[in-house]
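This is the structure, below, for whatever I ask next.
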Amino acid sequence: MLDAIRTRRAAKTDSRFTAARSVIKVGKIEIGGNAKVVVAGPCSVESWEQILSAAVAVRSAGATMLRGGAFKPRTSPTSFQGLGLKGLELLFRAGRKTGLPVVTEVMSENDVDVVTEYADLIQVGARNMQNFALLKRLAKIPKPVLLKRGPAATVKEWLSAADYLMTDGNTNVILCERGIRGFDPALRYTLDLASVALVKELSTLPVIVDPSHATGKRSLIAPAARAAIAIGADGLIVEVHPSPEKALSDAEQQLDYGQFEELMKTIRRPMPEYALPIDVASG
Amino acid sequence: MLDAIRTRRAAKTDSRFTAARSVIKVGKIEIGGNAKVVVAGPCSVESWEQILSAAVAVRSAGATMLRGGAFKPRTSPTSFQGLGLKGLELLFRAGRKTGLPVVTEVMSENDVDVVTEYADLIQVGARNMQNFALLKRLAKIPKPVLLKRGPAATVKEWLSAADYLMTDGNTNVILCERGIRGFDPALRYTLDLASVALVKELSTLPVIVDPSHATGKRSLIAPAARAAIAIGADGLIVEVHPSPEKALSDAEQQLDYGQFEELMKTIRRPMPEYALPIDVASG
Amino acid sequence: MLDAIRTRRAAKTDSRFTAARSVIKVGKIEIGGNAKVVVAGPCSVESWEQILSAAVAVRSAGATMLRGGAFKPRTSPTSFQGLGLKGLELLFRAGRKTGLPVVTEVMSENDVDVVTEYADLIQVGARNMQNFALLKRLAKIPKPVLLKRGPAATVKEWLSAADYLMTDGNTNVILCERGIRGFDPALRYTLDLASVALVKELSTLPVIVDPSHATGKRSLIAPAARAAIAIGADGLIVEVHPSPEKALSDAEQQLDYGQFEELMKTIRRPMPEYALPIDVASG
Amino acid sequence: MLDAIRTRRAAKTDSRFTAARSVIKVGKIEIGGNAKVVVAGPCSVESWEQILSAAVAVRSAGATMLRGGAFKPRTSPTSFQGLGLKGLELLFRAGRKTGLPVVTEVMSENDVDVVTEYADLIQVGARNMQNFALLKRLAKIPKPVLLKRGPAATVKEWLSAADYLMTDGNTNVILCERGIRGFDPALRYTLDLASVALVKELSTLPVIVDPSHATGKRSLIAPAARAAIAIGADGLIVEVHPSPEKALSDAEQQLDYGQFEELMKTIRRPMPEYALPIDVASG
């Protein structure tokens, strides 16, 4: 089975052929090394005040990169579609002002140049994981790419999508697990953490986890983030908003600043103690 | 959504009505308290030598309970079906000799009495999660029940199955997540850790995780076990066999003694460090 | 792949080894021959008046067997659990009075004798498809068994469950597809009709389809029934109730008498016409 | 539930607001009227001889439209990617020569103009169902669009993707069910025919079914096609190749000419007979 998954991947990041993990540089931050990386920020960039406030807050709580959507993929055409170029500029400025490299999604081949100019890490969203025209275009850019797993993508399809980027020249790929489609309506998606461990076994590429989209439920984001780090993820990407209840998108799953600080404590909490066997004599 | 999941559960273990976690006693071991519990042992009891050797080994590595199948639910009628009553006796003796309480599965209403006599914790397997006749029978016994989640069961159905035990009188219920059906053939099941956090939010019952069945792949068991503990599971149930390659069932996913010792180290390893933000001046 | 699915099945009903379809006799009705069979009746037997009225109505509309639940598997212990033995007697009498063989579910090994006495066809419900203790018990009875597919069962697991019945002696097995677990909350289950065609290719056993449970939506039952017959199913099992809105279980998916008559017309409607190619000269 | 699915769709094709079905013209062929439409042809256009031979053969067997891939979305970058513009020209010529309107997939926004010039119906592939940049571009073209359902898309998401086309001006949308992701490795995808009936209830848009991709197994394509027509689909799209075993893509699921002729007979075969109730007196 694993051989079947492995055979077509780029040799450079195939764990059979190299022992070295891929460490990807995003601005001055490294992803894939020993230190875990937390990316945080609002689902959508909504205004200068909002994105600057979020950048300052997440940095102060320990995040080292800033996220924010400018071009938003929304299920319905009548939902808020993002600020576009304006959002890109605001995100860039907030990142530079706080010293945080920025990540944002590109949805169109025609926006690749402008997004590449403004962003330090270019996100391919889950819905576009197999938008091969977009992947081929991103294979030529000088910036790293964050490749989210599609909600119905197998691990093999996910790694093959990364191949589209790498075969054409861009080996600066960071993978992101964000929940797969499952049958239980209790949560938005099914967080597939075992696949994170599997991918790290098959490939040298860094993998981060998005507990916000994966659970879609505020109270589960910190525990899920902690489990992601425990299983070996190289980092997290978390949605944080000054006033989640007023957010123009994903209101249900964004954390406020206090909740994000709590998350940063949760993921650092020591591992617990274990019960000891009962003495046979006394047992 | 959560209200819909919650409405029918037994008040005694509904987290809306009580702050106290349920701590379930299995022999002299407590599950659901601060100390995490590791249950380990072979998929099937195969002989006195095998089960005793396994009991000694898992105890020495830090396990506090012994598992072993006597009545085995197998997909095909031509596969090994377990040693039955003989296996039950061997498991009981190995447990008493090493001071480890024992857990084993009951598959038939007609075996409930004998299994209750020999086992400290009675397992309802995933395939029988909605075998309501069996649940009603187990609601009357004086021993705790380990209720595995069915591979296609929603969280609501899982908690409703626990209701069958509790409504009729047995509130000593421990839940166990062991992987749900997913679309990716890369792994045997999809380990649904977010649901563990969700169930702990909805119910006071302890929840343990079975990383052996959930992944079906030896190298992923320790990382998955670590993530389970990190997300808040109360313990683990792990398959360990003296010679996994000779096992009569589940050969692919049982750990040998050395691998189990490694697992016990993995789940105790400290949480990692995080990258620090770059200084704005220097950035 | 198919070889992997096939290898363990009983030779007698393995399509590699025999060309003859299995024709199973239920009372005086044959399932698996050229004539398709429609089983209909209420989800639960609720009273003498209800079951007799339903039996008369479904017979008059063209059904040849009567269904009705006496022992009901319900997700929650506080839902209506069926009339039990009393329901069994009422179903039997209604069947005898109208000349319709009757099918009902058995949930407990301990009820097998009494259900076998009263029913012409014994149903194993979807939740019990891998209740191997029950299957082994049913392998010894002199009545045919209707084996519903579990909502998370692969075709291989479904056929292996049938093996439990056949290996131990009961080859009078009728399979029933009733929807599998899917990710779309729009419908209750995902009706997997392609698997019906696949099973008919692999095995000689008859397969019927339950469009009521599979869709859970009244308006889709007749179209789904028609598609099931079109793909080669040997029959249908449909829920029909005198007053669906007052039903004690499955109110949403039971048909009233008029709707059932419509269904019987729908499944007989001729196949439609096809567009013709445009003449090249004129095109 | 249905109200939740319905609320955001374009009023013009919402079955609550209009009784008239949408009949879409593709060349001189109408889809969505009383006569069902069969689209057939190879997975990929491979050469002039191949596509012309296929066009002549499928027309002669009763197909009224020709399919053929020029730009191919392949899981791996090392698989055959299609002939591109050259393939488009060959498809166009074969269509004009045989009087069959042609359908082909567009994968990139930058190819929309050229594909619109050559094709009579523009396909959005399953992987691009939520490529919103592409949908917005196709909303402005004067040709109809065939919108395939994503393998993990809910019915609501599918109809919302159609909204992207319609809200911006292109109401000539034909939907296509081609199998969703399921858990059973026995077949490539799970054909979700009940959703076809559901979509026809919610929307006035035509829906066709692709049994080739949905099953991925040659022997099941004709039965699945017949069931699709029986449940109310407005047509079929089927992969047909002169020598399937030599095909450059999807070799396993393409039909040869004889098999396609058989399929055309299968979908026209009359519906079967039903068993009659046994006379009570004699029963």
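Worth pointing out:
Chains: A, B, C and D, in written order; residue numbering restarts at 1 for each.
Quick note on the criterion: contacts are C-beta pairs under 8 Å (C-beta built on N, C-alpha and C of every residue); 3 or more make two chains touch, one makes a residue touch a chain.
Source: prediction; values computed, not measured.
Path length between chain B and chain D in the chain contact graph, taken as the least number of steps between touching chains: 1.
Comparing the centres of all chains, each the average of its CA atoms, the largest separation from chain D belongs to B. In terms of their C-alpha centroids, the spacing between chain A and chain B amounts to 31 Å. Chain geometry summary: the mean Cα position of chain A and that of chain D are 34 Å apart. For this pair, chain A with chain C, the centres built from the Cα atoms lie 46 Å apart. Touching of two or more other chains is recorded for residues 152, 156, 180-183, 185 of chain D. For chain A in complex with chain C, the residues that touch the partner chain are 181-183, 185. Residues 1-2, 5, 27-30, 34-38, 59, 62-64, 97-100, 152, 154-156, 180-187, 190-195, 197-198, 201, 214-215, 217, 219-220, 223-224, 226-232, 235, 267-280, 283 of chain D are the ones that touch chain C when the two sit in their complex.
For chain A in complex with chain D, the touching residues are 8, 73-78, 107-111, 127-128, 130-134, 150-152, 156-157, 160, 163-164, 167-168, 180-181.
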